[in-house]
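Chains here go by letter, A, B, C and D, matching the order in which they are written, and residues are numbered from 1 within each.
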Amino acid sequence: MTNEDTLIIGGKKLKNRLFLGTGKYGDHRVMEEAIKHAATQVVTVAMRRVDFENEEEDIVRLIPDNIILMPNTSGARTAEEAIRIARLARASGLGNWVKIEVISDQKYLLPDNQETLKATDTLVKEGFVVLPYMSPDLMAGKRMIEAGAEVVMPLGSPIGSNRGIRMKEMIQMMIDELSVPIIVDAGIGKPSEAAEAMEMGADAVLVNTAIATAGDPVQMARAFDLAVKAGRISYLSGFGSTSLKAQASSPLTGFLD
Amino acid sequence: MTNEDTLIIGGKKLKNRLFLGTGKYGDHRVMEEAIKHAATQVVTVAMRRVDFENEEEDIVRLIPDNIILMPNTSGARTAEEAIRIARLARASGLGNWVKIEVISDQKYLLPDNQETLKATDTLVKEGFVVLPYMSPDLMAGKRMIEAGAEVVMPLGSPIGSNRGIRMKEMIQMMIDELSVPIIVDAGIGKPSEAAEAMEMGADAVLVNTAIATAGDPVQMARAFDLAVKAGRISYLSGFGSTSLKAQASSPLTGFLD
Amino acid sequence: MTNEDTLIIGGKKLKNRLFLGTGKYGDHRVMEEAIKHAATQVVTVAMRRVDFENEEEDIVRLIPDNIILMPNTSGARTAEEAIRIARLARASGLGNWVKIEVISDQKYLLPDNQETLKATDTLVKEGFVVLPYMSPDLMAGKRMIEAGAEVVMPLGSPIGSNRGIRMKEMIQMMIDELSVPIIVDAGIGKPSEAAEAMEMGADAVLVNTAIATAGDPVQMARAFDLAVKAGRISYLSGFGSTSLKAQASSPLTGFLD
Amino acid sequence: MTNEDTLIIGGKKLKNRLFLGTGKYGDHRVMEEAIKHAATQVVTVAMRRVDFENEEEDIVRLIPDNIILMPNTSGARTAEEAIRIARLARASGLGNWVKIEVISDQKYLLPDNQETLKATDTLVKEGFVVLPYMSPDLMAGKRMIEAGAEVVMPLGSPIGSNRGIRMKEMIQMMIDELSVPIIVDAGIGKPSEAAEAMEMGADAVLVNTAIATAGDPVQMARAFDLAVKAGRISYLSGFGSTSLKAQASSPLTGFLD
């Protein structure tokens, strides 16, 4: 069954549904190992962290060739800024995928859906594969899709908070109603939460802080890989029903009667 | 790291922390496959379901030899009944492990901690490796240990309800305070919930209904195996801290300034 | 203390923080009694339910004179439709308050923040006191305020679902960050949930289904009145701290030592 | 309706369902005011805090005559100690009600159900009205009742933690299945949580830390009084049903069609 379970984004067939962020790693070698142990196929990098002049320090050169690089527009506060960053990324040879982040709130770092929609609209027309990071909102998700978004990426809870899927109610409605893949991005702090997102029917999750700030990031990456697979396989397998009362495993006649 | 991560119960070294129940399977072949895909090393069987006269139908003969059989006293309503069932199991050649279940409540099938403690006390003295199934209660857990229980098995929610770890608060206190392995038994309905139990620090989980009543029990068994491993590995790796506010992945100076 | 605790909206001083909806009542007399027992000062009525030709059946005539009538644009699927309904309401002598509802999703009845913002912008310029009903989203809330919204009304969970405050995370951020009153509207199913919204710091709640479909709507209205007051008073009183461990009420030296 | 809604314990008819503890108050006058504003009819006092030799400081003399005094055995680590404290209380003229607390765990202060049961059994035979404080456990509750407990008092979460009703699952089962009044005691930190306990069907709640450590304990006492009444009235009124989808307040045909 799972051999054929692929996720298609921007024409690429993906088998692994755990995407990784690259911020907050104390050490580049650890990040490389974490990427490997997560068995990830898509990695996001903030354009502002790309150091084109210093090859030694360039984070992009650390990403293996077989992994899709998804530059993000972190640092953009308006649609216009996000658009400029996206163009710069493509011009720099980083491909045509872009994760749009437009954030002007400095406390919770919540995305601005309206500006994100504007940037999505423009960049889709310019031929980008656009993956908008957004506050969970069903109607805003519909508009992202109308504008040509390849997927939608609702946040589980504020970036880096490790608080899990606090916006479950709205994310479930998005999963149930929207026609593109849903990638839960931000807030996932533990493998169980990644598994839960997949059990809800999400198509993928993006994890950064939970792995980068773990005691052992490499083992944590491996744990997330297993959890995402567990969640996906179980979702496809079909859950038994839940009940308020107990359901005996076998007839309740006394054994010794 | 995980090569050495073993759980020792009754002198046996276990590498796999997912225990399985054997009730509710529609078909014996499916159960055999599920056991295999769960990579389980311990399986529990209700003594009342053992059919000594009909070898063809005997559930015990379906369990591979390398798997530890843990007969349970399901159907017992008193300590005395549980003790008799345990003795019968050992006399039948099923080994000296016994999971004690004493249940007189017919609606929620909640275990009776007081009678369970009595049975534990007696059976430990008779040389059994006793694993009591119990309502989560820190003080009752302490007494089970004083009586010689090898582990304690608090329920997450009522048997067969698939409602998850509803007794989290008390189970966490048991994990933090008790000196024997904690196995969360009953109520776990999804792989994410099994992972969560392991992330809380549980030593193992026992799953039955969630797998046996899944659309595809064999794939669901595999998903639970992955989830338990994910939870365990992440627990050992050390979680990053959670925060109410967002934590940026990189400095928040505007990229284009 | 609470004598002076007033909420000011559109220049009106309100002492009571429970707003009521008028849908789903089986009987007009019950609705009148519920309004009275809720001690409410603001009531919302769907313009489409106003029957200008049949005085006998006109819901508006049932609302006591001392209560502020807030017509809503229920049934509008676009900003334009909401604007037309609002103008019609004012022209009909229903005052200049308007609760904007723009809903095109027929399953979850989720508001469309983008169209709602457009309608808010236009109607504020036309002199209305605008109270937009919206999906919880901090940045969208900021824009509503920039457009001149008098308050923002995020939903707790889908209209009529009685599921409580499922969007707690985002609503708390809106309460903490936004400069206008926050009224939690939709989804509140029990008095405890209304109290919780007030404890979180919401300025008011709007309740309809939970009262209208209760076994005894009049008593339920009274219960909600008490709960909203309880939540508000406790919020103003200042909560003690929470802790993971127990905190003894008195020194733990043994009494009998 | 509510005029006749009384709770009978030990032959006393109670109209108010909020019981108070007397620990942790910074000032005796504040405690007196809080008791008054909570409209409470039952107050518990730790026997070890009763100062028989110093009338000026004696907490018991501060409790108004029309309030039932319920001495508690706080400080007892065994059944025997609890029994001695109870006898001492009665011999001192504090009446024949006793709340049994037997706690040997010093971190979470969790009650010891087994010792509590022993003390209950003995004290009931000696004519006390016994109200056992216990860890939530349906079967242990049944035994308390068999031993003659007048009510059972399961904890919501550890004493003084202000964490709310974390043991909801088990408390709901106790409410549904047990034949005596259920009083949720310990852990309730906010009025909404008290309301929730009453909505679940609890017969009363006991609150101490949340009021005593509030910024304004007197107003907080008033808030709890309102919340308990709100929860009780709503429970008696009958809740409308909840649903996963939205339920429109009126027909969803467009208004302007």
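The rule is short, and it goes like this: a contact is a pair of C-beta atoms (placed from the backbone, for glycine too) under 8 Å apart; a residue touches a chain by one contact, two chains touch by 3 or more.
Since the model is a prediction, treat every value here as computed from it, not as a measurement.
A.B. asks: Among all chains, whose Cα centre is located farthest from the one for subunit B?
C.D. replies: C
A.B. asks: Please state the rotation angle, between 0 and 180 degrees and to the nearest 5, that superposes the Cα atoms of subunit C on subunit D.
C.D. replies: When the C-alpha atoms are superposed, subunit C turns by 180 degrees onto subunit D.
A.B. asks: Whole-Å distance, subunit C centre to subunit D centre, using C-alpha means?
C.D. replies: A distance of 32 Å separates the two centres.
A.B. asks: As a quick test, compute the distance in whole Å between the mean CA positions of subunit A and subunit C.
C.D. replies: Computed value for the inter-centroid distance: 34 Å.
A.B. asks: Any idea how many Å lie between the Cα centroids of subunit A and subunit D?
C.D. replies: So the centroids are 46 Å from each other.
A.B. asks: Which residues belonging to subunit D are in contact with no fewer than two other chains?
C.D. replies: 107-108, 110, 158, 163
A.B. asks: So which chains actually touch one another? I want all the pairs, not just one.
C.D. replies: A-B, A-C, B-D, C-D
A.B. asks: Quick one: in the complex, what on subunit C touches subunit A?
C.D. replies: 104-105, 107-108, 110-114, 117, 135-140, 142-143, 157-158, 163, 166-170, 173, 177
A.B. asks: What residues on subunit A touch subunit B, complex-wise?
C.D. replies: 1-2, 21, 23-24, 46-49, 73-77, 81, 84-85, 106-110, 158-163, 189-193, 195-196, 199, 208-210, 212-217, 219-220, 222-227, 229-231, 233-234, 236-250, 252-256
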